[in-house]
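Have a look at the structure below before the remarks.
Chain lettering (A, B and C) follows the sequence in which the chains are written, and residue indices restart at 1 in each chain.
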Amino acid sequence: MEASVRQIADLVDAELIGSPDIIITGISGIKEAKEGDITFLANSKYAYLLNTTKASAIITSKDIIDNTNKTLLKTNDPSVAFTKVVGLLAPSVTNHPKGIHPSSVISSKAKLGNNVSIGACAVIDDDVCIGDGTIIYGGCYIGHETKIGKNCLLYPNVSVRERIDIGNRVIIHSGSVIGSDGFGFSMVRGIQQKIPQIGIVQIEDDVEIGANVAIDRARFDKTVIGKGTKIDNLVQIAHNVVTGENCIIVAQTGISGSSVLGDNVVLAGQVGIIGHVKIGEKTIIAARSGVTKSILPGTKVWGFPAKPLDIAKKINACVQRLPDLYKKIKELEEKVKHLEKKE
Amino acid sequence: MEASVRQIADLVDAELIGSPDIIITGISGIKEAKEGDITFLANSKYAYLLNTTKASAIITSKDIIDNTNKTLLKTNDPSVAFTKVVGLLAPSVTNHPKGIHPSSVISSKAKLGNNVSIGACAVIDDDVCIGDGTIIYGGCYIGHETKIGKNCLLYPNVSVRERIDIGNRVIIHSGSVIGSDGFGFSMVRGIQQKIPQIGIVQIEDDVEIGANVAIDRARFDKTVIGKGTKIDNLVQIAHNVVTGENCIIVAQTGISGSSVLGDNVVLAGQVGIIGHVKIGEKTIIAARSGVTKSILPGTKVWGFPAKPLDIAKKINACVQRLPDLYKKIKELEEKVKHLEKKE
Amino acid sequence: MEASVRQIADLVDAELIGSPDIIITGISGIKEAKEGDITFLANSKYAYLLNTTKASAIITSKDIIDNTNKTLLKTNDPSVAFTKVVGLLAPSVTNHPKGIHPSSVISSKAKLGNNVSIGACAVIDDDVCIGDGTIIYGGCYIGHETKIGKNCLLYPNVSVRERIDIGNRVIIHSGSVIGSDGFGFSMVRGIQQKIPQIGIVQIEDDVEIGANVAIDRARFDKTVIGKGTKIDNLVQIAHNVVTGENCIIVAQTGISGSSVLGDNVVLAGQVGIIGHVKIGEKTIIAARSGVTKSILPGTKVWGFPAKPLDIAKKINACVQRLPDLYKKIKELEEKVKHLEKKE
């Protein structure tokens, strides 16, 4: 596919600065772009790349300072604009499985909606219910009585255990496990005795779950991933965790049992959250923080134990200056010793 | 299933306070419970919930202060009691595969005991030996010459490599990998040359392994997971690690090569342990600690580098108060300067 | 297999101290070895074990101080020597799949080279191209248009998405996911809207990838794992990351989007790297470091935020001594108060 800069500017409702007739034939990153490519600049921090990129046009935000002679498409949200351009120039790059593959193993008691696709060697157990338009890739396993809504997309080798409840338009990437037993044991006469985990996992509409994620089923009741929440790769969600809507949970984060996230919470990468705490809505937890207490809504926190960001930064600055402080204190001691002698 | 409070109290050997004739029809968490449900309170910290729960009966520990008019079943171990009640009221919620699925691929050289179940599209390689009553879900792969004992349970999409030795009553959750090559390379003339990993993994009786865990085979000899040890999701066990019996290893922890854990060691979440160290029995390592040295038995440690808990707490308290310390030192400096002028 | 000590010394070009005629029948770790075994000592730190091992011969480095009467084979690189000995005494312990298993599902549009092996229930999608001698175990999924070079080895249940480019002699361990969508969302009117991830992953020659690793495809362009780089288990590589050649990335490390590693970079276990930074060649990042800025070539760093190793160690030493510092400052305050009174 190709399009003129004018067509693209119209599509994304952008202010066009430069030549409208250039033909765009490809999409690329700002550094890697070659002639004929369109690229984008979401972060004004990298504005200096405008002068070196070989792209024929660049989508930018409206507030960019354009001391460049490049063709710019200024828009309110370059990321969204870019997505539209991708849809125009590279409309279908992935061929999902179509129809029911003869090598898949589907229980006669499973109920499949219209236009459901099941890939090779996928296994669908008894009484599974799958909504219209859902695509399940090869190698997936769906346990008995699990419900999957409409237009979901499960990539290869996803494991969904029994009695799980998945909403509509949910995407689950390869290798993820939904509904494994929560980690619960009770030491009885020297033996770690297993506590049955008989609850479920409820994944609400529009959730996306990355690769090799583990989401445990509840001890009883349910583990809940709220509507629109997005989970990155290798994240651990323990039993009975409840996340709000539209949360962002970045890679390698772990949330311990029964903790509750409000709506729009952001957990950056490699965060750890202790069990049984409540993270207020719109809280942002910086990367590698360890959260040991409940957090009020709208707070930004950092560190371990996690503290409000300004306090954490102050403490961290103090830590970095410690070698200087030790010197200063040595000097002080000598001055005091000197004063004491003079006494 | 349903049961009277009296029946339940007898089952779990509890002291019954309240009405013995109430009929219990369900099990729930203390917050989510509705009339007819039984719930439990394991941690007296949440005793205030006794006043608000809608549960018809609550299992508690003996030492609870019962300023409530709710029906209580006081017992020595509420968790164990709860497990028994689950067994009574919700006896079989998971239908494991039964028999050998025709789509499974089982080598003619494999030896299967009595009542073994192999799910759809599972692959059992040459000379595998599987004990009586073991259940292997669909999508699992069992490599050649691996031995799996009696009454084990392997959930979907588990990968067990060749020559692994798994005991009895072992549970492995989906996505876990047992016996992948240890991470060993030697830089030879600018190239990272692979060091063969020809050892095995030995998983002893009654071990449980969570989802998406990786346990590497030994370089030679064996990596060992001791009897009764429980491993949570996304844990990394490197080559030649040896764990003792009844250890608890919480999610996202990593143990580097050749380190040895004594019996009854507890590693909380996101812990890291360096290679070639020895962690004494009954040691407890707090969440997110980084262990850089061997640890004596019975120690509680925290932090990075991990220290005995009381020292680590003291250091942490000092760190948190650093901004105040810097102010105090500034004042001291001024006082000393003032004194020096007066001299 | 068995061999005399003389034969082994010749094979590895070692200086032989002791008896050349001893027959070696096995290989073992220095602690576990029994009579007839050969073992090795790579690290002179453990030289004291020379006196207690029951091994019949020990491969050591040339600089070892041999106050022992054991039979030693002194060599320039004990690890490489050991690998050769493994090849001699234990030549083929893993029987990889041979040929195309009838239960595998291979698109008629896929192109397979000579001597390709595809295991049971593996799925090879349209237009996949697999080079000579490559082995793909059972349960793997290879998406459409993916190219895999010659003599690669993919262990069970690996998921490779569409349009991925894998070089020659690449090893991928079980459960790993190559080419899952990068984690990209844009908040539009309260909804996290997905940003299409239409790029690819390029895995260059001689790369090895551990178990349950996740490597995301680029937003556009490509995520690159450079030639000869070795990745341990449970590592997260985000979209558009580019690693140099011969890097070592230890378990549970995470690299955020668009960060670039030079050649020969070493990331120890559980490291985290922020997005959009550049790590210079030959940099070594110590375990559990959190990297928040670009790093110049050849630097050793540690800590969070990561600093040059000598500075990080100094800061850490200061932190550990804080309780003493607080005492010292209290004393200083009292002395100054005393001096002020005297004034």
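One rule holds for everything that comes next: a contact is a pair of C-beta atoms (placed from the backbone, for glycine too) under 8 Å apart; a residue touches a chain by one contact, two chains touch by 3 or more.
As the structure is a computational prediction, the values presented were derived from the model and not from experiment.
In the contact between subunit A and subunit B, the residue numbers used by both copies make up under half of all numbers at that interface. After Cα superposition, the angle needed to carry subunit A onto subunit C is 120 degrees, rounded to a multiple of 5.
We define each chain's centre as the mean of its Cα atoms; on that basis subunit A and subunit B are separated by 25 Å. Counting partners per residue, subunit A has 103, 121, 139, 157, 175, 212, 234, 252, 319, 322, 325, 329, 332, 336, 339 as the residues that reach two or more other chains.
Every residue of subunit B that touches subunit A in the complex is listed here, in rising order: 27-29, 32, 77, 79-80, 82-83, 86-87, 90, 93-95, 101, 103, 119-121, 137-139, 155-157, 171, 173-175, 206, 208, 210-212, 228-230, 232-234, 246, 248, 250-252, 269-270, 287-288, 316, 319-320, 322-323, 325-326, 329, 332-333, 336, 339-340, 343. Of all the residues in subunit A, the ones that touch subunit B in their complex are 103, 105, 121, 123, 125-126, 139, 141, 143-144, 157, 159, 161-163, 175-177, 180-181, 183, 185-188, 190-196, 198, 212-214, 216, 218-221, 234, 236, 238, 240, 252, 254, 256, 272, 274, 290, 304-305, 307, 311, 314-315, 318-319, 321-322, 325, 328-329, 332, 335-336, 339, 342.
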